[in-house]
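Structures for review follow.
One chain, chain A, appears in both complexes that follow, with chain B as partner in the first and chain C in the second.
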Partner chain A sequence: MRRSVGLTLLAAALAVVASGCGSGVIDKSTDGVAPAEATGTLRVLLPSFPPSNEGRAQFQKVVEDFQQKYPKMKVEPDFATYNNLNEKMSTSIAAGIPYDVMVTGVGWIQPFASKRIFADLGAYGLTPDVIKEKSIAALIPAVTYDGKMYGYPLLADARAVALRKSAFIEAGLDPEKPPASLAELKIAAEKLTKRDKDGNITRSGFDLASASGFRQSFTTFLASTGTTLYEDGEPNFDNQAGLDTLLWIKSMINNVQPYGQVNAAQQPLVYSGEAAMGIVGGAVDCGTGGKGIGQKNCDDLKFFRFNSGKEIEYLGGDLASIGSRSVHKDAAWSFIQSLTQPSSLDAMAKLNRKLPAYKDASNSPQAKSNPLSKFVADGLVYAANENEVPANWLEMRGNFDIQLTQAVLGQKDPAKVLRNLAGQSR
Partner chain B sequence: MSTTLERPALSATRKADVAKDKGTLTRNQVRTGWALLAPALLHSGVFIVIPVVAVLVLSLTDYSFGDTWSWVGFGNYSELFRDVDFLASLWHTVLYAIIVIPISMAISLAVALGLNQKIRGLGFFRTAFYIPTVTATVAVATIWLWIYNPGSGLANGFLSLFGFAPNRWLADPGTALGSLMVVGIWQGLGTKIIIYLAALQGVSRDLLESADIDGANRWQKFRNVTLPALGPVQFFVLITSIVGTFQVFDLVYVMTRGGPGSETRVLVLDIYQNAFQDLKLGYASAETVIMMIVIAVFIGVGRLLQKADTND
Partner chain C sequence: MTSATLPAVAAAGKPSAFRPGRILLYAGLVIGALLMITPFLWMVLTAFKSELEILKFSWLPGELRWSNFSEAMQTAPFLRYFRNSALIALGETAFTLVVCTTAGYALAKMPLRGGKLMLGYFIVLLLVPFQIILVPLFMIVKSIPLFGGNNILGQGGIGWLNSWWGLIIPLGAAPFFTFLARQFFVSLPDELAQAARVDGLGEFGIFWRIMLPLIKPALITIGVFQIEAAWNGFLWPLMITTSDELRPLQLGLAIFSQNPAEIQWPYLMAGTALATLPMIVLFVFAQKRFIEGMANVGIKG
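Up next, the complex of A and B:
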């Protein structure tokens, strides 16, 4: 694997040279050709369908819908994950065979749009009003760069907070009055934290769900104070609110939760009782099979949102874009339309345990399938995320994870870290 | 009294014939040589020379997979030396190499010496020591993730038998890199052991017997006979170890992703992050060039040490 990275980089360099010599085009352009006559292969990169039999079957239904309009076009899917998305996109570009449709997440659009890798969807009539009318308005900043629209929301990935009622009662706290502000959360978390005789934490008071980095939790806690991470692409965290939030996270780690705590099932710790409170995803399986936690555990959970001045729930999502170098842009847009059919979105939502990004997500089958999805769907009006990130966000994501961790672990001064991150954002 | 034998002088015609014969023969040999070399040269040209040249050229640009790029001269290089992540990665990689290489070489040699004896279960031990080498690193890393698990891992379970408090191993900035080094040392033993074992079996029996007759003890025989005989093999193991440790990636990628913070960030991981996550291919290319230079320096130092050792 280690050699393969070096070889891949060398191969990518070679491919850049090779693609520079050629046109980088395999198919002839189908743009402007009547859909029924268009031929070629539509290359689709998406993390929205797992490569399982069920995932492939659902994807095939989207293909069949698309092929009703483009019967002669083939569709070549690449079922990626969010971990290897950039790798696949960059190597495909370097190899001169970029994808026609690319599904990415919140924070991807601006960097790729700024590099002119994504096409402006305004050409297909996409405006903020269209998204407001048909999709989730909170995702408009995530698909906007320089005033233009570069993506269409497919799924909403919302996060909430959960508490264990039994743990609250045991600690003398009222589960019906969950803590909401950062100060209240800390007091409750300290009461809920259990230790052994040597002082080692045996049950975390609060799971910050930040084993791989504090970027999302920092963004979430900061937003709950009414401060967004970025405003119009400019950093908005190098201030007192940012510093207070970072110091608060620092005061929680190794106080109410050991740094890096995860469980083998990669499930929120509050589901298994390893934490009394914590950040959770957008769905909970109350069944007993697979990843199900059982009805008894489910009944012991209560969901709420952070509110340290502003009630919020963190919102990510799957966003579909068209490659600017695609020679099948019209077909790609048609494919996105097939992807955004309610039945397709419902299938994707179920497969990914997220919400379909259509207007009435609260009444979607996914929202009705479990109490957490219903809770986060009803709370989409409180959605918050990084907001309009700068063009170098891909680089900044890693910088945030590394430097915030260094601040939390006491290796670097928190104020200097925030100043440095603000300086690196451009 | 001495006699000198001289070749009879060749006639001018004969000289021309010999030269002609030699010339014809040499040309044929040259052609055959080039023909035989061609596949290897083609392979080297396409897969080594061109990519290396491409990396060198890209390192002078700000190419980031977009439509536009521009020449930045040595801008990437000067930026690299202000980049704390790169400097941390470089330092961690050098530290990893400096610690892992000598320890793994010493342990491998010791184990190879043991396996070179006539002991029971020799085949089993040789196989057991080689298994980590043929096991996929991802699988190895996954097993070690469990061993280092702070809650239910084998390492803390074992230490608790002696009353030690549980350690957070990979999550603790103070122990994360060291924990990775242990895995790196363990995984790299197999190949080195096999190489040392093969070399040990080639050590002259005559010299060892002569040393016995001269009354040399085991250490003296090892120091003065075995070790010098292993010189070329030591150099080979050193070079391959330098290249291997500088290219460590999969272990880090699976086990820590460079964390906590950037405590286990190594060069290849940083290159990977810059190239394929941050899409800064020009910058990552400059980093690759720096890595090649550092590896070359380490190999050069290794050669100097080897020469000094040989001169001793």
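Up next, the complex of A and C:
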């Protein structure tokens, strides 16, 4: 009996040892090794390729380009989404197996760079001048932390404003002269707002696209006054311009748009006619036959930018970084170079309906594919965003969304909210 | 006299179909049922709509776009995702049935010193949100010795990350199912176990030959609950897998919401409707067990 128990235990132990033998060993460093001789697995975390059949096929082309230089290296992609990117990065860092290449967005570089998660790309010759020459200059602050460069732009995700020509004509406004300043926008929006006999809004005059929070719209409206949200990581909104902007948003909500209004598809309300004007994304599908909003709808739209002293369009984007603890930094940089080939960027742009972050984005296939992408691509020189954010920005994003909403809904004093947010930024 | 009064008594004792309380009860149940059914109805109807139709709220699609289903399924290897989900659900359930029933039996029937304390510990574990233990669990799974290139100390490799082991084992041993099993075992008379002990049967024999056959309905209940939980799992598979070969259906569906500003609602709803089907079928056939299971979790002993 005892012998059989012993044999069983021995067999179980051997089974465990045998099943433990396999791949998955963390690689040795390939930095300094000739690319043709480098071996190992490059781990890539990116939300820029959807894991669809088409997304995988396009990603494979990037891998093939990379493997021309690093033929013995494998590439292990992790196709994440922005919704779960933070969890993926945090758990991998906590477990001590961070990714070699990580693609994040505007506002992500500074928090991770400050924690030394990302490597300084200056070692690979990346400077602001390189980005100015090859990519989109407006994204330089987004990849800069403490004077160093930690990311390379892949995609640009712009926002514009759209109006419905028919609604303007109906309200006696000239659609060829869209309102631009905050004051003009409010006057036009009030004229365009439709109500039923009980005073309920049936068509919003202006869609602030802020159902989930006012952070991005506040940043955009503030930038249109010529004031950036942050300057060199320091808050720049706890001032008269910030207060005026917040009070303006407060005066719009439940006046020209009900708080929290969003349609079933979570798409810009101006596309469906539920709003006469509003913030839109960076691409519109004018296709017919159920795949887009239809050409007739598209023809009724006119795009413009905010200008309350400074003409701007909000710009986000996808930014590629190298993990500071990567043992394949040279290969990772080579992979980023493959990612930033124009053909790769065009493929990513199409998959994500964003703009490729190369110099001549206006002439990219994506820009030519629809009128809105063309409009925002032509306006990249007006790009603005949060600018160089503080190290705790990922935490601050939630704070902004909650506290700005409290101010807009009259639950907290707007001036105190801005002061509080400035104090929390660090 | 008596014969004259009897019918009146009988009439008064007969429950009226139109009592106000009953009407209120049915009204409440109908409202509750509608609240539960509405999201499902919206999901199915949205699966047939065009993108333009989704922009404006309407219940019924202009035409039934069956092509949304086929196009959604062709977007990614969904057949593989279905297979993976089924493997995870079956694997986790089998592991749960083994581990949680034995643990539940020990808590309910074995004369353990500190048994009450351990039961309290399990109840407290029920209160801990999964997000709290996510990172520690991830690190434990990464440090499993002799797996995934790890040495005997659990270092140097990736352990159970990106493996079936990691997908199945950690979520199999759930405190909820241990508690559920314990509640079922508590309902069995102690005399059965004592008689078996007197007859010289070992503790495992009592569990396997006496007690387990008596809680077969409970096993079905636990199995049904675990299959449902494993099928719907999202966060844990997302965290520990990078390979598409292992990813389940719920992660596959995230393809359609890759860009939060450009969610492909018709495809997402078509895929979700198909993903929900097995669980709806399971519920239809096992709804009695679902309800029994919850009823039996009531505090006992």
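Rule of thumb we're sticking to: the second predicted complex is superposed on the first by the 398 of 426 C-alpha atoms of A that agree within 3 Å, B and C clash if a C-alpha of one lies under 4 Å from a C-alpha of the other, contacts with A are read in each partner's own complex, and residues count from 1 in each chain.
Just so it is clear, contacts are C-beta pairs under 8 Å (C-beta built on N, C-alpha and C of every residue); 3 or more make two chains touch, one makes a residue touch a chain.
Keep in mind the model is a prediction, meaning the values are calculated, not measured.
In the superposed model, A:394 makes contact with chain B only, not with chain C.
Of the two partner chains, chain B and chain C are each touched by A:94. Legend: residue contacts after superposition of the two complexes on their common chain; A:405 is shown touching chain B, with no touch to chain C. With both structures placed on the common chain, the touch criterion links A:78 to chain C but leaves chain B unconnected.
Using the contact criterion defined above for the overlaid structures, shared-chain residue A:281 touches chain C, although it does not reach chain B.
After overlaying the two complexes on the shared chain, residue contacts for A:413 are found with neither chain B nor chain C. In the superposition on chain A, A:291 makes contact with chain C only, not with chain B.
For the contact definition in use here, the residues of chain A common to its chain B contact set and its chain C contact set are 16-17, 87, 90-91, 94, 264. Those residues of chain C that touch chain A in the complex are listed here as 46, 50-57, 65, 74-77, 134-135, 138-139, 142, 145-150, 156-159, 161-162, 235, 238-239, 242-244, 252, 254-255, 257-263, 265. Across the complex, chain B is touched by residues 1-3, 5-6, 8-14, 16-17, 86-87, 89-91, 93-94, 111, 114-117, 198, 200, 212-213, 258-260, 264, 324, 392, 394-395, 397-399, 401-403, 405-406, 409, 411 of chain A. Looking at the complex, you find that chain B touches chain A at residues 47, 50-52, 54-55, 58, 63-68, 85, 137-138, 149-150, 165-166, 168, 170-171, 173, 247-251, 253, 257-262, 265, 268, 271-273, 275-281, 284-285, 288. Contact residues on chain A toward chain C in their complex (touch as defined above): 16-17, 19-20, 22-26, 43, 47, 50-56, 76-79, 81-84, 87-88, 90-91, 94-97, 157, 263-267, 271-274, 281, 283, 285, 289-294, 297, 352-353.
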